[in-house]
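One chain, subunit A, appears in both complexes that follow, with subunit B as partner in the first and subunit C in the second.
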Partner chain A sequence: MTRPARLLSVDSLSVKIGARRVVDRVALEIATGETLGLVGESGSGKSMTAFALGGLLPPVARAEGIVHLAGDALPADRPEAWDPIRGRRVGVVFQDPYASFDPLRTVGAQIAMACHLPREAARARTLALLEECGLPEPGAMAGAYPHQVSGGQLQRAGLAAALAQAPALLIADEPTTALDATVQAQIVELLRRLQARHGMAILFISHDLAVVARVADRVAVMKDGRIVETGTAARVLSAPSHAYTQVLVASRPAGRIGAPVRPGDTIALESSSVGFAYAPRRMGAVREAALADVSLRIRAGVCLGLVGESGSGKSTFGRLAVGSARPSSGSLRVFGLEPSDPASARARARLVQMVFQDAAGSLNPRRMVVASLMEPLALHGIGTRGERQDRAAALLDEVGLGTEHLRRYPHELSGGQRQRVAIARSLALDPALLVCDEPVTALDMTIQAQILKLLADIRARRAMAMLFISHDIAAVEAMADDVAVLHRGRVVEYGAASRILHAPVDGYTRALLGAVARLPVRSASAVAR
Partner chain B sequence: MTRGFAGSGAALLRHGAVVCAIAVVMFFLIRVIPGDVVDVLAAEGDLSDSEIAALRAELGLDRGVAAQFVAWLAAAARGDLGLSIRFERPVAEMIWFAVPGTLALAAKALAIGLTLGIGLAAAAVIWPRRVFVWLVNAVNLWSIALPTFCVGLAAILIFSIWLGWLPVLGQATLPAIVIGIDIAGQLAKPLHEDLKEIAAAPFVRAARARGQSRATIVFRHLLPNAAPVAIALSGLILAGLIGGTLTMEVLFGLPGLGTVALQAILGRDYPVVQAVILVFALAIVLVNALTDLCQRALDPRLRHD
Partner chain C sequence: MRISPVCADEGGAGSVRSRGAAIAVVILGGAVLLALAGPALSGLDPLAQNIGGANMPPSAAHWLGQDHLGRDIFTRLAVGTRLTLFVALAATLAAILIGAVLGLVAIASGRIAETLVFGGYDLVRAMPSILLAMTLLVALGPGILPLTLAIGIAYAPIFAHVARAVWRRESSAGYVAAARVMAAPPLSILSRHVAPNLFGAIVTQAAIVVPRAITTESVLSFFGIGVTPGTPTWGRMIADAVRHAETAPLALAMPVAALSAITLAFALLGDRLRLGSDPLRRGMAA
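Right after this comes the complex of A and B.
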């Protein structure tokens, strides 16, 4: 097979911010029409590499190296050298579609500006681009403001803007990370189709190995600013040679962690026909139902996985379970108590606790870890000061942290450590039911695996019931005994995890599971090679 | 559409309530100041006790404060602001003659302030040279540290007395510049901070990635996105401006609401004071309403759809 012509190559690209070298002598090559997947965790330098290759480095960054783009040598440290490149020869799609459009201008106006054509021609091209990017009503989309359209649609429009001048290289910086699974799959499909039609090269940056496996021809793995491994996607993902890549591939949760716990006789949570509607924002507006007719049951010691896309009502159900909101209809009981009843608030707090997605936001930044851990004990008048301190240390030990972390502030901890502290705090009152709302979503892949393992261990040790809320099917598969799938506030499928995740009946569940990117199963021969 | 109308109706009601509340408070407040107009007149021209009593009765000042308020409210509702006790002229007429002077001074000052403030803030973002950032900070410090009446006095001393470029009294150029710089100082610093924040926003990087030039980014993305902050600040500044014109008018001997208000307060000319404060209250409420409207017109996210 003849290798297609080299489009972009760089021998030694470095980016420094202050004294820190965030990109360290990176060498990359992308051929025309090829997709290179750049994989790494947060802080690995993958986004800075992308910015350097697009001439988009922030002013504080200092770059070194020469980027060769189809015969031109572009010094990375001279932003003005990139003026004729940006948009014209290199297009960029960003992670958050809402953040990549000016909120005050219509989507169409911004794509038209990206065309750099006379007014009428730009308008016609805008409509053509929107249509090409799979938006059925280009006219309506062009006239809409960014906040008026869905994330998936806006990401399509972002793609249209990036392709406005038919660049030879498209840099896609986590283009699907902020989107729901079904939408992710659609955007990946669209990227492939556009590439097939226009033959552009794509630098696809992602922390998600499974997504990269779907799109990339070749993969480069970054860690601490360096590229540790490069190769064909099939080889790197099935038979990684570098130790870090092996950890990365292995941290993808595959299957259940630990043996199922024998369910207890008591019922931890029972909801029957629960409905919830948020108060209308304006008088006379229709109350939109966030939940309708939700009937679920969690036995003591059992983990129920609640799956759904954003807006499906899964977090709302979590709020009802801990009593921070009251159902509009139906009834919800936690160990026989009504969680939102103020009279039972103290008893409720000792039975149900919650772990949030954003650990940094759920810990008081001005309190040391030990103070955060002692607070629930003090509120419930448990123990003397000294006993509470001992308890705090024991809790930290349970979540795998040491006494040296007691006197730290949240900002002195890593994301994974912060989530461990948040979990420790939720355990302080020995709850019998733990509500976890997307507890690993904000974490890197390798850390996700550790936190999931921790949660599974704690649950088994304490024989604790759990409501595990997540959009991530793999995480739910790792944790849950039972699964309920929420779609637009309704339970569309509910039953044993093994049944639902492997033989779904409902159409929506099937679509949801089908959209989940999975790594190809490692074959023995590939590992042996 | 009906919803929008109902919204503006509610806003109108709210604004009306604010004006009414101010009218009530100021009506009673001014009567708390010891001595009324009759005391002032008596001190000037040696009046007998019976003459004083007769005058009080004539002016209705012998009645209770509540009764006076009801009478004033009834008249004001008919558009009759009464007669000035001191000048025996209709109050409405006095106000009518004073408003253009104040308005002209405020407009000039605002024009200077907005141009200078927005210009400096934008320049400091466009050209990352220290000089503009330094100027933004300098003008900010100036307006915090130096009250306008001090700067006004200094300006008279330098430009009118030493240099003799402008007359001391009756010209509106110096006071407009003095207030204008004050406004610029209040505006430039927060606006500069806001612009810096917007310049670091992801959509600005996205616009660069789409090949937009520096000028396009500044004029079509940065400045429009800073407009909400600029307008909110301008609204606050306009409200403060009303007090600012007051002192400047008195200092530079300009005819205007400030001069009228000062004379009226010193002479306990209740109808005039009441009317001036009412006009100020109306002006501030109007500015607030306009600020709201501008914000809504500029930001599609605030529009109801």
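Right after this comes the complex of A and C.
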């Protein structure tokens, strides 16, 4: 294969914030029409690298190095050198489309501004761009305000704005991370189509290896500000040579963790025809149904994975299971108790506990780890003060943390450690059912794998039932015995995980599974788990 | 909680803040010293009149001079500091009890209690605090304790609303959701999660209310309805001295300076207290 002309190259790019070198002598090359995937976890420096290549570094950052863009040499430390480049020859799309658009101006006005054309020409170009980016009604989209359109649509509009001047390079910084799986797949598809038509180069930044595998021709892996491995996507993702890349690739959950648990005879959770509607915001407004006719059953010791996209009602079901909300119709029983009944609240709390998505938010920033762990014990009058302290240490040990963490505040812990503490707290009352609402979504890939492993181990050891709520099919596959797929508040498919994940019947389930990006070759066996 | 003015943080905002705290502590320390030791130092009676020495400038016997009735200004300022500080601090404490504590208990007791109690606060708040305190004082009669109570009631709604705002913010926090899943009763959520986060807000608010309580007390005394005539609070002293400002400027300037300095000191101290009680800053100052 003859390599096309080199569009962008940099030999030694460094970015410093204060005394910290967040990007350390990075060398990169992107050819015309090529997609380079830049992969790394949070704090690896991938976004700073992208900002430096787009001339978008924040004022506190100091850059070193010369970026060569199609024959021009651009010093990274001189922002003004980038003024004729930025937006014209380099377009940028960011992670959160709602943050990228001004909420007070219409989408069309903002794209038109990026066109740098006379008013009428800019309007025509805006409509053409919106249509090209797969928005069926460009006129309506141009007249809408950002909050009136969905995240996926707005990201398409963001892409339209980035392409306004037909840039030679498009920098896409986690462009699909904030989106649902099916929408994510559509945006990736759109990027490939646009690239095929315009022949631009794309620098695609993501923490998600599987998404990168779908779009990238070549992949660069970053860790601690350095590029540790570069190569073709197929080679890096199927046969990684650097130890860190191997860990990263192996972190992608591939199949079930641990052996299936034999279900118990008792029923941990049973819902029959449960419906839930939020109270109308205004008088006379129609009540929105978040859940309708949901009938599920979890046997003791079994893990039910509840899958769905945002707004599907899966978290609402989790809240019903722990009694934080009461069903509007139907009945829900947890070990025979009605969870939202105040009279049995204390008994319910000892049977069912919850792990939340946002570990940082679920721990009081003003209380030390030991205080958070002792809280449920004190509330239920378990043990003396000294015994509770011992129990707190034992709980930390169970989640793989040492006693040195007892006297720390949440902000002194990493994201993974905080989620471990939250899990330890949820175990303090020895629940027989644990509701996990997106427990790994906010974590880095390698940490996700550790936390999933931890949850699977705990569940096996304690023979505990689990309601595992997630939008991430791979995480559900790793954990669940049974799977229920929720779509717009209704269960569209429900059954054994092995059947649903490999032979789905329902059309929506098939679309959801089809949208999930998977690594092309499973190399997990090559790496010790 | 660090309230020490001597703190190890260096550079930028931290040192400015600790310098501010140092100034506050010096002023408040001076005020307390003046209040406690002042009368004994001068050895004079703050009420003793001496018409012959009226409006005299400072001298060896009278360090700050004498007012229009020949009373020693230094001694009166010292006794006035004692009374004024006591009334302001006690009134603020009363306002916190009546506002924040009662307000939170009402919130935890259910929607009806909350509506009733906060309706009461709104009634109080609808009236200017000076007018309200005046009305209450007329009903309660003159004296230090009625004065304290009247000012406390007038400022209670501020603390009630601060407490409710913190409660509302905390109610939607993840750790409160977690506590509810543990079947924690409202009072437990209140004491474990809301109260610690409330502390900083209350302290900051108190730093604003204390100087306002001092001003309110001074205004009431200025109008002669706070303490009985002759009692040397700052407001009373200012009221007396205004008419003789040209002949005895120090009699007016000293209580005015004291009022300004204390107001500044509480503002600086409140800022420092709030930051010091915040564990998110732990490790930043050390």
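Note that in this section the second predicted complex is superposed on the first by the 521 of 529 C-alpha atoms of A that agree within 3 Å, B and C clash if a C-alpha of one lies under 4 Å from a C-alpha of the other, contacts with A are read in each partner's own complex, and residues count from 1 in each chain.
Heads up, the rule we're going with is that a contact is a pair of C-beta atoms (placed from the backbone, for glycine too) under 8 Å apart; a residue touches a chain by one contact, two chains touch by 3 or more.
Because the structure is predicted, anything quoted here is derived from the model rather than measured.
Visitor: Looking at the superposed three-chain arrangement on subunit A, would you call subunit B and subunit C a clash or a fit?
Guide: Once both complexes are aligned on subunit A, subunit B and subunit C fit side by side.
Visitor: Quick check on the superposed pair: does A:Ala511 touch subunit B, subunit C, both, or neither? Answer first, second, both or neither.
Guide: Once the two structures are laid over each other on A, A:Ala511 reaches no partner at all.
Visitor: Per the contact definition in the header, classify A:Ala161: touching subunit B only (first), subunit C only (second), both, or neither.
Guide: first
Visitor: Considering only the touch criterion stated at the top, classify A:Phe356 as touching first (subunit B), second (subunit C), both, or neither.
Guide: It touches subunit C, and subunit B stays clear.
Visitor: Would you sort A:His116 into first (subunit B), second (subunit C), both or neither based on which partner it touches?
Guide: First partner only.
Visitor: Give me the angle at the C-alpha centre of subunit A between the C-alpha centres of subunit B and subunit C, rounded to the nearest 10 degrees.
Guide: For this superposed arrangement the angle is about 30 degrees.
Visitor: Given the touch rule stated above, what does A:Tyr145 touch, subunit B (first), subunit C (second), both, or neither?
Guide: A:Tyr145 contacts subunit B only, not subunit C.
Visitor: After the superposition, what is the least C-alpha distance between subunit B and subunit C in whole angstrom?
Guide: 7
Visitor: Residue numbers of subunit C touching subunit A in their complex, please.
Guide: Contact set of subunit C toward subunit A: 173-175, 177-184, 188, 192-193, 196-197, 279-280, 282-283.
Visitor: Spell out the part of subunit B that touches subunit A in their complex, as residue ranges.
Guide: Those residues of subunit B that touch subunit A are 3, 128, 200-203, 205-212, 216, 220-221, 224-225, 298-301, 304-305.
Visitor: In the complex, go through subunit A and note every residue touching subunit C.
Guide: These residues of subunit A touch subunit C: 322-324, 345-346, 348-349, 352-354, 356, 358, 360-367, 372, 375-376, 379-380, 409, 411-412, 422, 425-426, 429.
Visitor: Which of the residues in subunit A end up touching subunit B in this complex?
Guide: Residues 51, 54, 56, 58-59, 86-88, 90-92, 94, 96, 99-105, 110, 113-114, 116, 145, 147-148, 158, 161-162, 164-165, 282, 284 of subunit A touch subunit B in their complex.
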